[in-house]
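Every chain is named by a letter (A, B and C) in the order it is written, and numbering of its residues begins at 1.
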Amino acid sequence: MHIPDGYLGPQTYVVLDAAIVPVWAIAAAKVKSTLKARQVPLMALGAAFSFVIMMFNVPVIGGSTGHAVGATLIAILLGPWAAVLSVSIALVVQALLFGDGGITAIGANCFNMAVVMPFVGYYVYRLIAGNTDGLRRRVISSGIAAYVSIVVAAIFAGVEFGLQPLLAHTAAGQPLYAPYPLSVAVPAMAVEHLLFFGWVEALATMGVVAALGRSDSALLEMKPAARPLRWLWAAFAGLVLLTPIGVLAPGTAWGEWGAEEMKARLGFVPEGLAKVGGLWTAAIPDYAPAFVKNPLLGYLVAAIVGSVIVVGVTWGVAALVAKRENDDESSAAAA
Amino acid sequence: MCERDIRPADLGGGRLRPSLARRTAESVGRHVSEVLENEDLATADGLLQRIDPRAKLLAILLFSVTASLLRSPWLLAAMFAIALALAAASAVSPLSFARKVWGSAGLLAVLLAVPAATRLVTPGPVLVPLGALSLSTPGVLGAVTLVLRVVASAGTALLIVWTMRWSDLLGALTRLKVPDVIVATLAMTQKQIVSLMRTTQQIHLARESRTIAEGSVAENRDWVTGRMAFVVRKSIKTADDVYDAMLARGFSGSMCLVARVQGGRRDWAYLAAAAATAAALLGIDRAMLR
Amino acid sequence: MTAAEPNACRTPDFVLAGVRQEYRRGFPSLDGIDLAIGCGEHVVIAGANGSGKSTLLKMLDGLLFPSAGTIAAFGADLTEDAFEDPGFRREFRSRVGFVFQDADVQLFCSDAFEELAFGPLQLGLPEEEVRRRVDDVARNLRIEHLLDRPPYTLSGGEKKRVSIGAVLTMQPHVLLLDEPTNALDPRSQVWLLEVLDEWKRLGNTVVIATHDLSVAEEIADRMVVLSEDHRVVADGTPAEVLAMRDLLLRVNLIHEHAHRHGGVTHMHGHDHSGHGHEHVHG
């Protein structure tokens, strides 16, 4: 899932690089308030084990093995904010120490693997595991959380890839960056992770949680669930807004297209996209204004609806977890 | 336990696929030696090694962005050629450099780009007629551009990473006003990565040395995840200890580094040259579009 | 050696009164410790694994604070609050150096030079002074050739040398060492004892936590024994303490079958005349 440099155009990586900075700042503030100066060694070690865990070959089935990302595991162990920092540092070190993973794409990679994945994973885990002390339930919850989180992260990566042919291509239709439209990139990423890497992630996470649960259950102590995280949602919302702006303003990066060319460009639609767009136009009544039938708009609406669903579900889960904790506290107080 | 250090290969199974433990140990070992070789490469006498790491850090950003903005495959190829020449001038074997770049990032890009050259993915006039799988002109151009862009970005980044000591990189970050807490964390992360990778390699070698027959997939997986848990435990314990060790030596929340590489006018001249190269590439690129 | 001026020694370096430390509620790692460590003393804290000697050392270094009781250093109370004061922290850290058992833990910088420079830089010394101290210590410890090497390229013995160097550049008055001879090859052990002899000659204080009794004989002039229930059970000269065979057996420092003090193993490869060595043969 590591996106190297060259696949994402500037409209995408600038947005994601810019979006990741405030997320890091918030994460650093959150972590600092809980860990104080101890954050330096703990984040460094968290990053180091995040890095090293990615190097283990996890046997899945037959002779096949795969590498896990470990972001959900780290979120379960250190809490989601600490996981944001640990996994991000691991990715940055990977880029700067081994030249792997890209410089401009750091924001995209961190966003997928160090923000989306630990948060989705953490809240799915908390939702299913609740406050149980039963190791079995925790192990199973961690597996489901790992599976769901990596699939969601992969879909995000697929969307980032899939936006590229829309955002940047020459007048002749030559794509400048990742060439596959959303209709290919998203299912490809999703299927790959649903069928294989999701299982790697789930089996690895379950194995580690089980092993730690047997020996050091203190490490699995539930980290307090954050209240629904306004800032993170603001960042999500900002991204959802920024992405369409990037789509609508593809010429600005080059500064070469006038209104005429822009129209010509917007008229160009890769075949795959045309299908998505077709679905959209089919769903729109005939009397709607012409611009609403634009397949690009259809795609945009789909992207926004998709993001809203992801954000909404995660938010709901977070609220549920927080509420349940409140209830537990009050019932504990009552007792 | 009675350990006799028998490996499958010794039992006449030489053509067997190397065991899981051996494969992991070897790949981790390669990463460790890469870190150690980088140290040698970065202290060798060469053009890029003599440049202030700050200038190089800025150059890495500059060239990554430039590679992402160019549209002409020719200029992307030229960028990679420049990187090759700089490698040769910096005690980096151009052959091993090219092999590394094309073998990892390049190969992946080729595999990804080939299907996109077909008319199925990228419609347009036919360039190579292959029936349903005919290649379109924009498709082929797009595929070539993608591969060259990936290689040009990965090449410039790798070249600079290879010619810069990690400690100098951290010093450069400090002097570029990156907050100390980030630099301190990066410093510690790299050191702990090496230490944990060594542990991981040892674990897998120890496993390999007493494995005669590989167990079932589930057994292997239990073993692997158990070792991952061990690495997690060791990390958390070490984090506490390292923090104490830092406090004991007066750590007060900020890291200080002594600047041992002094930047001079020459370094800024190099940076200016890099900026001029990038600007020239972009200028030519835009001119070619008209 | 990079030693400070001979000390005025107006107060004992450390005074512990009724110190108890719990790592979990109800589980003490130290209990009822009353102990004073004088200026210029050379004390070995001996105890079996888990007796609390590392904990004691960390408390002397202000890394852990008592759950009950008080601990004072150089006449001032050591509390978490006291360390919030940058002036106090700086003063205390510059006077007390701690060599950790695991050199891998102690070496957290990107190369040996940075390691040696870390402490003085944290003390806020000017760069010139930092470089001078690093050069002096590196020369004295014969580790100049290691300075630009990252810690992960060093051998075990070299790591120990660098971690001691990293403490000595702070020119402390008190040196705390946790199991310093563990995992050291014989040559490095001899080297370490020479360094400590030199340290002793300069009138500085040393506190060593160890279960290696030969260290006590070699360099200590006082020996404190911790029992497995985390209390001080003996305190005297090494000669006196090492004579208490039953006690040492009880606290799991010696074993029936180990005749440590019948045939003492000497690690020094050179002459010690004039250092006031006493060898006890039980």
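Please note the rule applied: a contact is a pair of C-beta atoms (placed from the backbone, for glycine too) under 8 Å apart; a residue touches a chain by one contact, two chains touch by 3 or more.
Everything quoted here is computed from the prediction, not taken from an experiment.
Colleague: Any chance you could name the chains that touch subunit A and subunit B both?
Modeller: none
Colleague: Give the chain pair that accounts for the most C-beta pairs in contact.
Modeller: Answer by contact count: the chains A-B.
Colleague: From the mean C-alpha coordinate of subunit A to that of subunit B, what's the distance rounded to whole Å?
Modeller: Those two chain centres are 22 Å apart.
Colleague: Round to the nearest whole Å and give the separation of the Cα centres of subunit A and subunit C.
Modeller: Spacing between the chain centres: roughly 49 Å.
Colleague: What whole-number Å value describes the gap between the mean CA coordinates of subunit B and subunit C?
Modeller: That gives a centre separation of 42 Å.
Colleague: Could you say which residues in subunit C touch two or more other chains, in rising order?
Modeller: Where subunit C meets two or more other chains at a single residue, that happens at 108.
Colleague: Please set out, as single numbers or ranges, the residues of subunit B touching at least two other chains.
Modeller: 35, 166, 187-188, 190, 195, 238, 242, 246-247, 251
Colleague: Going by the touch rule set out above, which residues of subunit A reach two or more other chains?
Modeller: Touching at least two other chains: 41.
Colleague: Mind listing the subunit C positions that touch subunit B in their complex?
Modeller: 58, 61-63, 86, 89-90, 93-94, 96-98, 100, 102, 104-111, 113-114, 117-119, 121-123, 127, 130-131, 148, 150-153, 166-167, 170
Colleague: State the interface residues of subunit A toward subunit B in the complex, per the touch definition above.
Modeller: Contacts found on subunit A: 4-10, 13, 28, 37-49, 51-53, 55-63, 65, 73, 77, 89-90, 92-93, 95-100, 102-104, 165, 169-170, 172-181, 184, 203-204, 206-208, 210-212, 215-216, 219, 253, 256, 270-272.
Colleague: Taking the touch rule as given, give the residues of subunit B at its contact with subunit A in the complex, in rising order.
Modeller: Contact set of subunit B toward subunit A: 17, 20, 23-24, 27-28, 31, 34-35, 38, 60-61, 64-65, 67-69, 71, 104-105, 108-109, 112-113, 116, 120-124, 136-139, 141-143, 145-146, 149-154, 157-158, 161-162, 166, 169, 181, 184-190, 192-193, 195-197, 200, 217, 220-222, 224-233, 235-236, 238-240, 242-243, 246-247, 251, 253, 286, 289.
Colleague: Would you pull the subunit B residues touching subunit C in the complex into a rising list?
Modeller: 35-36, 39, 43, 165-167, 170, 187-188, 190-191, 194-195, 198, 238, 241-242, 244-252, 256-258, 260
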